[in-house]
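Read from first to last, the chains carry the letters A, B, C and D; within each, the first residue is number 1.
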Amino acid sequence: MVNITINGKVVRATEGEMLLDVIRREGINIPTLCQHDALEPAGNCRLCMVEITRTEWDGWKKYVTSCLYPVEEGLIVSTHTSELHEIRKTILDLLLANSPHSDVLQKMAEEYGLHKTSYEPNLEGDNCIMCYACTRICEVLGKSAISPVMRGHEKVIAPPFGEEPPDCIGCLACAHICPTNVITWTDENLTRTIWKKKFELIACEKCGKATISRDFAEYLIEKRGLPKEYFNTCDDCKRVELAQKMGALVDKAKEVAL
Amino acid sequence: MKFQFEVKPSLCTGCRTCELACAFSHTRDKKPGRSRIYPIAYAPDKFVPVACLQCDDAACVKSCMFGALKRNETTGAIDLDRERCVKCMACVAACPFGCALVDEGHDNEIVKCDLCGGDPACAHFCPTKALVYKKIG
Amino acid sequence: MTQTDMTKLDKIFNNNPQSPGSLITVLQDIQREFRYLPREALEKTAEILNVPLSKVYSASTFYAVFSLKPRGEKIVRVCKGTACHIKGADIILEQLESGLGIKAGETTKDLKYTIELVNCVGACALAPVMLVNEKYYGNVRCDRVMKLVEKD
Amino acid sequence: MRIDSIDKLAAWRDECRKRLDSQKKKVLVCLGPGCLAGGSDKILEEFHEILSKKKITDVTLEAVKKTGCHGFCAQGPLVIIEPEGIFYTKVKKAHVKEIIETTLEKGELVEKLLYKERNGDGTDHAIVDYHDIPFYKYQKRISLRNVGQIDPDRITDYIAAGGYSALAKTLSSMTPQEVIDQITKSGLRGRGGGGFPTGRKWATCAKIESDIRYVLCNGDEGDPGAFMDRCIMEGDPHSILEGMIICAYAVGSREGYIYVREEYPLAVINLQNAIDSAREHGFLGENIMGTDLCYDIKIARGGGAFVCGESSALMKSVAGEVGEPRAKYVRSVVKGLHDKPTVLNNVETFATIPVIINEGADWFASIGTEKSTGTKAFSLAGKVKNTGLVEVPMGVTLRKIIFDIGGGALKDRKFKAVQTGGPSGGCLPEDKLDLPVDFDTLTKAGSMMGSGGMIVMDDRTCMVAVARYFLGVLVKESCGKCVPCREGLYQLHKLCTKITKGKATEDDLNLMENLSRVISVASLCGLGQSGPNPFVSTLRYFRDEYMAHIRDKKCPAGVCRELITFNINDQCTGCLACIAACPVEAITGEKKKLHVINQDLCTKCGSCYEVCNFDAVDIK
């Protein structure tokens, strides 16, 4: 265990823990866009920056991204100085310039007193803030169907050659994790379309309700050794099935231990 | 200490109090959550309350590629870490008992029975004691 | 891709360890052999090195030396280093672009010329510098640009 | 021959020296990048061609050899005749015959090819021996000691010049700790730009428990305007290898890479040759020089990404990935390539190591200043007379480098600023010229040492346009991972462009200043953190010039095209030169009559201004 000071309060933390986790555990609100617990921290959005110093640094201080900074004994952390306010505001201002239509960004910027971007807005902006959450989650899944393409300001997130990504299994993790809801998909009847690729959705054997994509189910079956038949029916029908099985047991035993 | 649900279907009237209790005990943002338990009729007028069995070798845990489902060593429940969940619905599709659910009222979050941290509201409020949460062993 | 191309590709794979760590080296070898990165070659690379195709594509677009499109017989590179810049590299480029009718990074339709920009070729003493394939031209004057390009 | 014991090296060296000494006259043809572009490869061929047919006493074919960059690129192509040090400049293929007949056969000088130094009264005098030329006289060469002196492809040349003796000394008489102590004591700081103490880096790496450690050399000389490392890699590759092997011994590494940028194909070839021949002779591979040391080096080629000069990005690139930096709260010396402890030093640093080992830490520390010891190589370019490669003791003034060595601004125009440190550095004005050049002084003045690019700018260089240029480079080279760098530099560049077009307001300037501060504290890696420097430093010293663009909509240097016009005044003699030079046929006129520029056609390229010998072209 180590002791650190956050905004004047001494806090205990476990060695190896990241500052952001400790700060949030203390109930302090720090905005983030690229952070997600299912992902390794990346430090892309820079919103979680905090100021750190130590007594022996003699007044010298530096700014670090708390999502990536492991706690150290004796660290003195400030999370809401005026300089940090300015940093976060500027970052949101820059993001808003490139994605002026994003309601998520607009809302965050409002909290910093920013009603519109100070820069020339890119009216064709697609709201993508290049946090890599989508590509990172796809990598965690073991697929890496999409990736950052090009570099610098031209960078976009895209499938290889801008076409249907061969490795995509239509799980929608990328779309769900996207903080600015850029990645769109459609589910029509039993067909899911994402990244221009079409997927068959499994229809419940009993009621016909669509569940997950067949490719995703097959991937889970193969990767995690799950029985194939688990995926044949939808959750509603499976619950009814369970009730019936329990009922059958009741008729025998009158009492069932769940 | 281990606890277990004891279900007496003969006492279950299908009154849905358990459902209500569950939904309200999982209220967030002033909106009750989707219930994790349902009394289901297995025959005319015969009901049984169905909820997560907290399986030993749980399909939901296996199906989660992001490590969002983990056994809570204190309560014995398989808890969903909402911060890690990406709502890919793998667990909903994989649970052989249909007990991982989607909460439409809360932005399609995945929900499942967490034993209310050790004191399940459903059992607490069951008027007929068809559902009892009990120490075993 | 023709059979000969496939043989060339196989040779590249055999000359490098077939692991993800060889990705950049393999791509460089392919580019050297084919003068660009053919799509099929990238797909094959992903398969042989066991790297997701998206990562192969990502690397191919990240590094400036790689080209996903066939390039011209003559690659004309304009140095955009500091020394060249202050000695008028922009004007050299303009002359070149209007002379060949293409922009930097593009290739003429007849696949004869490609214009590329390079950061600094390290021949700053000769600024402004232009290269036609491997041949350096120093102290380039803007009214001579096209003559140099069309030489040989 | 494989050197399988320390003793064997000395015997081999004697042999190599004898052989060299037997060559009474040597002809060195510079094949550095500058001279090569002037066709020096053809000159070398011509020498061989003629001399293979003609026998001349004291001159063997072997004694005519290619070398790496000799340094004085502005005078290239260069041919040097040793032992006299006769320095022939601007040599053409056609001159070769004359050099052979006059100098090699008769022992006389070819006057017209000698270097001419301008006297105070405007006349010239020739200097024969290059050591006497001011450009060379004030230099002290340590890392460049062999560059331009030896044939990089011949290991025997390197051996004769004392090569691998430092390695022999290390292996035979020093413990790894003693090596680290020597380097620490020498005060050597990383030549790549950051100036981190090399000894401390090695010590940290050696201390970490690990089965594997890497020693990497950064040859990704990305700063536009810098070519020192290129010249060492091309001209003296063994000195880098020797430095790396000594480091491998000191920190306990078995494997290393040299990361070379793609734009330097010759460096890759020469390094590969050097590695192969070092391996063949027992300096690399298993049991180096018959000892227990095993270390081998591979070349990793870069892909044309400036950001890969950043250590964590470089390591990712070596590992075959996209070169995006990671936050270095755990330093790469602790967790570097493949997450193993890694020493990464640049080319010049490694090339300096053997000299420190041989001459001793105290000797090295006695050169330069207290906190910046030794010498530093610079590539002098831009609007300066004597462009080329120079190496001087730390602590000499900028003025000495630019005026005494560099000869001052080109065409005797007014010096305006010097840019050091590449895109991450800054521009220093005239009144900073007396600052001593060392790591800390340059940083304090708002620029930085960087890897050693030094670009001279005159009064025809617009500082706003320079800032815009560097920002443009950085926008293109940003990896795009973190917001402040990707979006911030993009906006900064856009605003700077607005200024050069005369469309910006003072509010824009304020916005830029604020934005710059945030970019430098909030960016993930050094590229972003130092990204605003070109803007910040030019604004600091040339605010007037910014204001002229903003308030008066004028570009005082006559560069920003939206703000200038070209006109021909009555100084015009009607010589037709500008008409011939104009690429868009915007100038009309007849011989001996005043020429006129058609403003509708004029693209403001400045060609007419450059060719006019009568100051008849006005830029306003």
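As a working rule, a residue touches a chain if its C-beta (ideal position, glycine included) is under 8 Å from a C-beta of that chain, and two chains touch if they have at least 3 such contacts.
Keep in mind that what you see is a predicted model, and the values were worked out from it rather than measured.
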More contacts between chains, A-D or A-B: A-B
Mean-CA-position distance for chain B and chain A (Å): 25
Approximate Å spacing (C-alpha centroids) for the pair chain A, chain D: 45
Centre distance in Å when chain B and chain D are each reduced to the mean of their C-alpha atoms: 68
Centroid spacing, where centroids are CA-atom means, of chain B and chain C in whole angstrom: 60
Residues of chain A engaged with two or more neighbouring chains: 148, 150-151
Multi-partner residues of chain B (each touching 2 or more other chains): none
Shared interface positions of chain D, touching two or more other chains: 305, 322, 477, 479
Chains grouped in pairs wherever the two touch, ordered by label: A-B, A-C, A-D, C-D
Contacting residues of chain A [partner chain C, same complex]: 135, 143-151, 159-161, 165-167
Interface residues, chain A side, partner chain D - complex: 42-46, 49, 63-65, 68-70, 83, 86-87, 90-91, 94-95, 97-98, 118-120, 129-130, 132, 148, 150-155
Residue ranges of chain C in contact with chain A within the complex: 39, 42, 52-58, 61-62
Residues of chain D defined as touching chain C within the complex: 33-34, 36-38, 73-74, 76, 221-227, 230-231, 262-265, 300-306, 317, 319-323, 379, 381-383, 387-388, 419, 422, 453, 455, 457, 461, 466, 469-470, 473, 477, 479, 580-583, 603, 605-607, 610
List of chain B residues in touch with chain A within their complex: 4-10, 38, 40-43, 46, 48, 50-51, 53, 59, 62-63, 65-68, 81, 83-90, 92-101
